[in-house]
Amino acid sequence: MGKKQLTAKIISQTKLADGIYDMRLQAEEIAACAKPGQFISVYVNDKSKILPRPISICGIDAEGGSLRIVYRIAGEGTKQMAGYKAGDTVKILGPLGNGFTMKPEKAVLIGGGIGIPPMLELAKQLDCPKSIVLGYRDSQMFLKDEFEPYGDVFVSTEDGSAGTKGNVIDAIKEQGVEGSVIYACGPTPMLKGIQAYALENGIEAQISLEERMACGIGACLACVCQSKEVDEHSKVHNKRVCKDGPVFDAREVEL
Amino acid sequence: MGKKQLTAKIISQTKLADGIYDMRLQAEEIAACAKPGQFISVYVNDKSKILPRPISICGIDAEGGSLRIVYRIAGEGTKQMAGYKAGDTVKILGPLGNGFTMKPEKAVLIGGGIGIPPMLELAKQLDCPKSIVLGYRDSQMFLKDEFEPYGDVFVSTEDGSAGTKGNVIDAIKEQGVEGSVIYACGPTPMLKGIQAYALENGIEAQISLEERMACGIGACLACVCQSKEVDEHSKVHNKRVCKDGPVFDAREVEL
Amino acid sequence: MNLSVNIAGVTMKNPVTTGSGTFGSGEEFSEFVDLSALGAVTTKGVANVPWPGNPTPRIAEVYGGMLNAIGLQNPGIDVMIERDLPMLQKAGAAVIVNVCGKSEKDYVEVVERLSDQPVDLLEINVSCPNVKEGGIAFGQDPKALHHITKEVKAKAKQPIIMKLSPNVTDITEMARAAVDAGTDGLSLINTLTGMKIDIEKRDFVLANKTGGMSGPAIKPVALRMVYQVANAVDVPIIGMGGISTAEDALEFIMAGATAVSVGTANFMNPAATIDVIEGIKDYMKRHQIEDIQELIGCVK
Amino acid sequence: MNLSVNIAGVTMKNPVTTGSGTFGSGEEFSEFVDLSALGAVTTKGVANVPWPGNPTPRIAEVYGGMLNAIGLQNPGIDVMIERDLPMLQKAGAAVIVNVCGKSEKDYVEVVERLSDQPVDLLEINVSCPNVKEGGIAFGQDPKALHHITKEVKAKAKQPIIMKLSPNVTDITEMARAAVDAGTDGLSLINTLTGMKIDIEKRDFVLANKTGGMSGPAIKPVALRMVYQVANAVDVPIIGMGGISTAEDALEFIMAGATAVSVGTANFMNPAATIDVIEGIKDYMKRHQIEDIQELIGCVK
């Protein structure tokens, strides 16, 4: 509902860590209806690049009419985005996709790397006891402080410089983190681990996937993932990450 | 010699008339060796447009290391240029082409429309008695005041709102403007008229031509004009506007 | 001011439709576009049975365009008839169904299933470069194209439009083959086969290695082919390839296209189709053109 | 670190040369580029006699590229021998001469005139879309291509490289025809035929109506064709089409090109060739690649 393409004014842009940026956008119409786990498509101001970049919504200020995104420089498009300044404008489309389905049960929120940002708004809005597990590469733990008010925060780092050395699953096991619903976003290997863990332990897991996108609204079939069952819409074993996801029940998709 | 491609900082940008802009660029290396009648190639900051726009040099401040260009919004590229602000940068290549050959004889400088700007630096540098004839569309007589210190200025306007009603040839005839060398830049029909007038009256005329360009340095053969004789370089009846011109002796080219 | 055009006896209220595969069933764009305001909605290629398409990554961005190797994923003709066509009818849209298949039999089956459906035109996709069987095989060989055109035309209840591939030496030869076999119209171009390599991974970007290139970058090639075909045969043409503005659309119309499709531009701007229609109106107003007919093929 | 490559027995100190027609004789760019730093300078197409080329406008800008219809204006082989080749020799540049003609006789005449000249390789342009006779006529028909290749090869003292047109259905068929006839190498792609219309003037932008499209926009098509040809025949390939950065060049090399040409990019940046060479070095350093040979055709 209510998807809009609009030109958003950049309110602020700050660097959170090496190559990680935090941008706030004035975008009333999108902020008014966005939900945790949804994303926006950001068109870069460079006519050689025609496709938008999907970026998760990290924060929603419906009253102030603003959105927050936190992104990593991954290539030319995000590099250009990082060069934009407060006052510049950027064309965006959103809110896209289905967000997380918020359950009133004890929750475990898991974010890995650049999958951490969408968990922040979820942590804010999810009204129940939560454990939050964040996986970083090293001690540059962007956003970690902001999670603290919302639950117990556990950390893993690949280089062992903080928290559990290893990945988020290692942290969960080491710290004995428990809950009835897992919400997760991060790299595919991490989500695979969580999927396996959730299935083994019979826990519900909502996982947010990534795939290359063109339309962002379910029309082009660029962004499919494999579904376990024949999908209602596609009639084959494909679901669209942009429209049927990006959040899926771990039981319904093959990674 | 000494063509350079460099990133120039925009010192100022002002609007002179409807759709006519005045831009000053910091470009030491080009300003140091530029001559009246030469041009620069301006690359627009839009990756969908790969070719530079040739724009005549309207003013040279060798000491201050700056160049001045005055241009008209003719399409998308010049429209974007008009949006640039002081402090922005733009990639340019220059100085390109051969400028006017300054003779110590009584001169008539003729500029028509957007052919007026290159005549200004020539008027400044040409050290001899001069008549200056400027052809405008209407009463928006950009740059006219700046010519006044350098000679007698005569004006024609298409709509008759100032000076002679008609074109520059009409003004020359009506005002009895005379001289031994004509220097001219403007639309092809005007240059044709001047060519005929000069040949008839046995006067030397240096005319500055326009053609679509790619390289700007004589390599691609995009920008040719017809030469009366077989050209030394091309071995055919073609001369390159960018390299052999843009200023030609009216006797050597067919318009 | 008259914007309506006639394609093989079917009147489109304006000359703008959508590039098959870039607009879904139409439903996905209905939040941005009043479907009934379009000349027609052209749907994603549909086969006799559901197709799973290719593995991902299915798309890659390239300078001024994109590559796709969707592989004609589609839910099959049953779903189209049960779900998509009623939706389009309800939305008041004129409908062009894009048909794909692996064999002539497949195409004919789809066309026959559509015979009693609310469909205005059939666009026969014999030019998809991203599937192994069918698709482009028919589109690069004039004999094969002639044969399938004849078969499909014999069974079709609606007028048919053969969609041509640009990956050929002589597009007019292909156009003639289809026209000789009785096609009611032609549409072109489908995508140009392209490739992208990830030099860091030292691998193809697309799982399918090659993909079909679309978007603004291909416009000059598309326009040239539309011009050539318009001057070689006598059936109406739907022109496409890189159209993202009204100016682009007008170039195709002046080159001889009776209608145009907006494809990849829908990804750049979901309301691109409407913007193109409005821009054409503005142009006609500015140039005091009463009937768009005056512009079709006016550049010779 | 070894950047040198071998094309048909000729060693290039690095794999980067210039796209014929985009670099003049080399002289025009010598203010920006040390010609001896290039793998080779490829000169503008030269015929047996001077050619006047096409009327203007000869070029048009398109999204991410350009169209040209220069029409092979050139001062003829005499001037090349008297003026350009001595200049290139003095500059210390390796030289590839691009040869054009209207008939097989013309090509052979040029090739024979060059037999005792300081020229490393001959690139035979049978793919120019902008001249009526010769040019592309040879480049779109495998039989004609085979024949001219055989003729030229029989008379050439230097190794020959046939330059292929992308405006064909099957580029591998053309490549095989040239290889079967004995070509020592292949270069591809020449330009894609395109068109642009000025909707305000309601006329073609180019005097020649159509022109050859080049620049970043055509890269995916060029890369696909280079990959196809590299996997179909066994002669060295000079890859080109839209290369403007070292990343672009590396894509072509990984797809199977032994060397690459920088063409239209020279208009965007007169030092583009040097930037590409430096960028390739940086990549090799970063990835600890000792010999560029390791990269040629590494993506399969």
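For the reader, a short list of remarks on this structure follows.
For reference, chains read A, B, C and D in written order, and residue numbers begin at 1 within each chain.
Keep in mind that, in the parts below, contacts are C-beta pairs under 8 Å (C-beta built on N, C-alpha and C of every residue); 3 or more make two chains touch, one makes a residue touch a chain.
As the structure is a prediction and not an experimental result, all values here were calculated from the model.
The minimal number of chain-to-chain contact steps leading from chain C to chain D is 1.
With centres defined by CA atoms alone, the chain at the far end from chain B is A.
If you average the CA atoms of chain B and of chain D, the two centres end up 35 Å from each other. A straight line joining the Cα centres of chain B and chain C is 47 Å long.
With touch defined as above, residues shared between interfaces to two or more other chains in chain D number as follows: 63-65, 216. Contact of a single residue of chain B with at least two other chains is seen at positions 47-49. On the chain B side of its complex with chain D, the touching residues are 1-3, 5, 43, 47-52, 93, 211-225, 233-238, 243.
Residue ranges on chain B touching chain A, taken from their complex, read 46-49. On chain D, the positions that touch chain C within their shared complex are 62-65, 67, 140, 167-170, 192-197, 199, 202-204, 210, 213, 216-221, 223-224, 227, 242, 247, 250-251, 254-255, 283, 298-299.
Residues of chain D touching chain B in their complex: 21-24, 28-29, 31-32, 44, 50-53, 56-61, 63-66, 68, 70, 73, 75-76, 79, 215-216, 264, 266-271.
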